[in-house]
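Both of the next two complexes hold chain A, though its partner changes from chain B to chain C.
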Partner chain A sequence: MSTRRRLRPALGFLLIVAILLVGWEAAKLLAGDPWRFPDYGFYWDPPLRWKPVNDLNLPHLWTIFGAFWELDAKGETYLSSLIGAAFFTARESALGFALGTGVGLGLAIVLIHVKVLERGLVPLLVASQTVPIIAIAPVVVVGLRAGWFGVAIVATYLTFFPVTIAAIRGMRSADPRAFELMRSYAAGRRTVLRKLRLPASPPYLFTAFKIAATASVVGAIVGEFPAGIRDGLGGALLQAMQYYSFSPQDLWAAIAACAALGIVAFLLVVTAERIALRGYRPTEDGARA
Partner chain B sequence: MRLPRRLVAVGAAIMLVAVGCSSAPAALTPIKLQLQWFPQAQFAGYFAAVDQGYYKAEGLDVTILPGGVDIVPATVVAGGNAEFGISWVPKALAARESGADIQFIGQVFQRSGTLQISWKDSGITKPEDWRGKKVGTWGFGNEAELYAAMQKVGMDPTNASDVTIVSQDFTMTAFLNGEIDAAQAMIYNEYAQVLEAKNPDTGSLYTADALDVISMESAGTAMLQDGIFASQAYLKDHEDVAVKFLRASFKGWMFCRDNAAKCVDSVLAADAKLPKGHQTWQLNEISGLIWPSPNGIGMMDGAAFARTVQVALDGKILTQAPDADAWTNSYAEKALKDLAGDAKGESWTKATVTLTEGGQ
Partner chain C sequence: MTDSQTDTVVQLSGVSKVFEGRGQKAARVEALSGIDLSVRRGEFISLIGPSGCGKSTLLRIVGDLIGVSDGTVMVNGKLAREARLAREYGMVFQAPVLFDWRTVQRNVELPLEIIGRPKQEREARAREMLALVELGDFAGHHPWQLSGGMQQRAAIARALALDPAILLMDEPFGALDEMTRERMNLELLRIWERTATTVIFVTHSIPEAVFLSTRVVVMSARPGRITKIVPIDLPRHRDVETREMEHYFELITEVRESLRGSEGEAVDPRRVAAEGLSA
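Our next item is the complex of A and B:
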């Protein structure tokens, strides 16, 4: 892939972000609170007033950006404490992702071989995913009393499902004629799994991994709420929420940090996919006739 | 929670080495104090007592455990994971009613810090004025004082034609957005948060004269708040430890009353997340809830306790009045007997703390 082709999606992304940011400030220019820059003698009174875009509910972008450089009681910038928190949460979500993909893949292999289980268990799995994570988290985190490991379990819970579903589909995706061929060789289940099903599933798996990566970050952040863990991004969010009335920009900055962690997790999977699937041919190993 | 325990172990090891080197006569008794919330000036006296060495002087090595959303100090203490705890009286009594073995031994806060604040233009200056207005409360037991104040003036908080009760989150955002007429606020926290916020129409901070304040103390339905408790099972064999702990804690609070700036530094060093200006304001207001203590700091006022129980019963926080073992002044009395200095603080007056944007 040429550099230019690789850069194009990044440019598109930046363009969209820029449009959103301009729209944000445009709304404030039109219907926000008065703009004040006494140092430059600038004052602007927007013609309309609309509560959702006032300074409390939607702070100026530069105020949010400025929040990163605010010093806390210990003289540390908010940015560096957010980065520390992001690493803490990243550890939880990385473990959650690893456990979740392991469990998800294992479950898929079992389900694909035991039809009865698939019929019986899949509806249960679906049901498990419709229970809000905010309801599950206290049970796991407080029940296990395991600190950040409990939080990783919450991330696991959010992670395994897309992997299971995608893996089942992926392992069935090989050419039916290939299955027939294997049968004609009287290949055992294990051989079919190793030579046919698993080689056919990576494209499906990586799609699921992308969902799982962001889900594990969400799981880790939400899991921190009931755990009372203050070291991660979930703790930073709670902290900022508590003082929203007089420092709304802190919450927005914390949200930006959460989004950044999610994007990093996603990009890591994309990069892994690029490397792993370089020159991938499902036809090799007989996946397609 | 492996890390803190390990830290404690390392701390204890260092302490042992230090003690060994200085050839001190006796090892310190390790003690844990469970707070009810994150470190802030609300608990300044205990942080100061650590920093000033008051606990050590009594032979105690005190570790302060921060509270959090899911931490119920009464449960922690009853479960033996901390020797002493800090809690609002009604909350700990509710835990006691459901079986937690705890007894209040030092009622540090003599007054309630709960307010109901409103903008001047709403014209709410007394409880009667809440009629027909949107009145916010945090719920979870925090509504009891407010409801009692409403009932006292013949208003039914459950009747929407009398008053609209709005469930308030733990920020003042809804109040600042004008969505509620009267918001619940602690004098040492949320009230300050309003004064640290910018009025978009003027570009400067909101000022106290833009607000009307009704305190639960003035409404006559105040409940007792921060008090020190321990389990009776522990107290039975450790009376001397309890007396020493109370004495050093009281000294800490007296230090904070007389040395506010140094005390705030102790709070900030204890990983308080809010900045200095906010903590300075908070300590000043907290001192106002403690001082004067007419019978000496930490002494429970029986009448205030009875009123607390009555409001808690009316608000269904408790189903029956607690027995006589719910509190005792005997440890505080012993602690006060050998306490040098002014333990009543009758001459103390509130300082004027000017808040800045964001509480810096």
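Our next item is the complex of A and C:
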């Protein structure tokens, strides 16, 4: 793939971010609080007033950006403490993702081979996913008393389901004649699984992995709340929420850090997908299914 | 007598197949009825007949992909199931059904992998088969990087990898253009001559059936029956010139006429009415 084709999506992403940021400030220019820059002698009173975009709800971008460089009691910038928190949360979500993938795949393999279970268990799995994670997290985290490992379990809970659904789909995706071919070789179930079902799945699995990667980050962050863990992004969010009324930019900065972690997780999966699906039939415009 | 018996590769006696309709709307289909056929070693048999007359069903029954409703299928003196477990079949479908994620070489290795042959032997055998179908230069390609004809040749190489006693081919060239198809016919004959396998070949092309076969089995629909078996007494070795022989055209006419007869039977209104009553 040429460098140009590789760069184009990145440019598109940056363009959209730029448009969002410009829109953000444009809204404040139109309906926010007055802009005051005494150093530059600049003063602007927006013609309209709309509460959602005032300085408390939607701080100026440079205020948020500035929050990254504020020093805490230990003399550390907020940015570096957020990066540390992001690594901590990344570890939880990575473990959650790995466990979720394992559980999801294992479950799919069982369900594919035992039809009765599929009919009985899938509705239960669907139900498990409709229970809000906020309600599940304390049960798991507090119940397990396992610290960050418990948090990883919450991430697992959010991760396994899309993997199961996609794996079932993927393992059935092969041409029915491919199964007949295997039958003509007198291949057993395990051989069919190893040589046909599993290798046919990755194009489907990676779609689920993309969902699971971001879900595992959400699961890890939310899991940190009831766990009382303050070392991760969940802790950073909680802390920033407490000071929201006089320093809203901290919360926005923490949110940006969470978003960045989610994007990194997503990009890791996209990169893995690109490598793993090299031998597979390319789909429309060279992208993978 | 003993000699001719051991020389029989496929023996179908009184085979019938009924697909029981599932649900209320799906009707019960009598796909095959009273099929008797015996195929000798080294024969090339074509099954021809109107669409839906049960050609694929018959082929799948021989290959033990589906069971019979009645009758027996013996292959090499064994039940079809035993023959399948002994891996005596090579299958080629209308679509190549190659595995996208494997290279052409590894696709041909697949059956050898399944029966647990060592890596070196696998690779050598697959190379040999690819050379046979003239795909040696494309061993490292993925199937989706090849043309339809090349993919079908790879599928044939894979089917031959286990040196099967019988090659079952279901309209293998049906999706190819006329020119590729004629070339593939010649190649298939060359492979057949060299490997001395028995072939059962489903087609809906009369010239193809006549050109390839030692016998053409003509079938009729509803229920699927064998209406005629036309022996093709052309010289065993066939090439482009065979297609210009007068006798070749005579045989084509003979098959066409028996087909017309069978199709006429299939749409006979009295028959349809009677079937409607019994269904």
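Please note the rule applied: the second predicted complex is superposed on the first by the 280 of 289 C-alpha atoms of A that agree within 3 Å, B and C clash if a C-alpha of one lies under 4 Å from a C-alpha of the other, contacts with A are read in each partner's own complex, and residues count from 1 in each chain.
By our rule, contacts are C-beta pairs under 8 Å (C-beta built on N, C-alpha and C of every residue); 3 or more make two chains touch, one makes a residue touch a chain.
Bear in mind the structure is a predicted one, so any value in this text is a computation, not a measurement.
In the superposed pair of complexes, A:L181 makes contact with chain C only, with no contact to chain B. Of the two partner chains placed by superposition, only chain C is touched by A:G279; chain B is not. Applying the stated contact rule after C-alpha superposition, one finds that A:P199 touches chain C and leaves chain B untouched. Touched residues of chain A, counted separately for chain B and chain C, are more numerous for B. Shared-chain residue A:G120: touches no atom of chain B or chain C. Looking at the shared chain after the overlay, A:G143 reaches neither chain B nor chain C. Contact with chain C, but none with chain B, is seen for A:T191 once the two complexes are overlaid on the shared chain. Within the complex formed with chain A, the residues of chain B that make contact are 1-2, 38, 68-71, 170-173, 175-177, 190, 193-194, 196-198, 200-201, 203, 268, 271-276, 279, 357-359. Within the complex formed with chain B, the residues of chain A that make contact are 33-34, 36, 38, 51, 54-57, 70, 72-74, 138, 142, 145, 147, 225-228, 230, 238-239, 241-248. Contact residues of chain A toward chain C in the complex are 175, 177-178, 180-187, 191, 195-196, 199-200, 202, 279-282.
Of all residues in chain C, those touching chain A in their complex are 60, 63, 65, 84-87, 89-91, 93, 95, 97, 99-103, 110-111, 113-115, 142, 144, 162.
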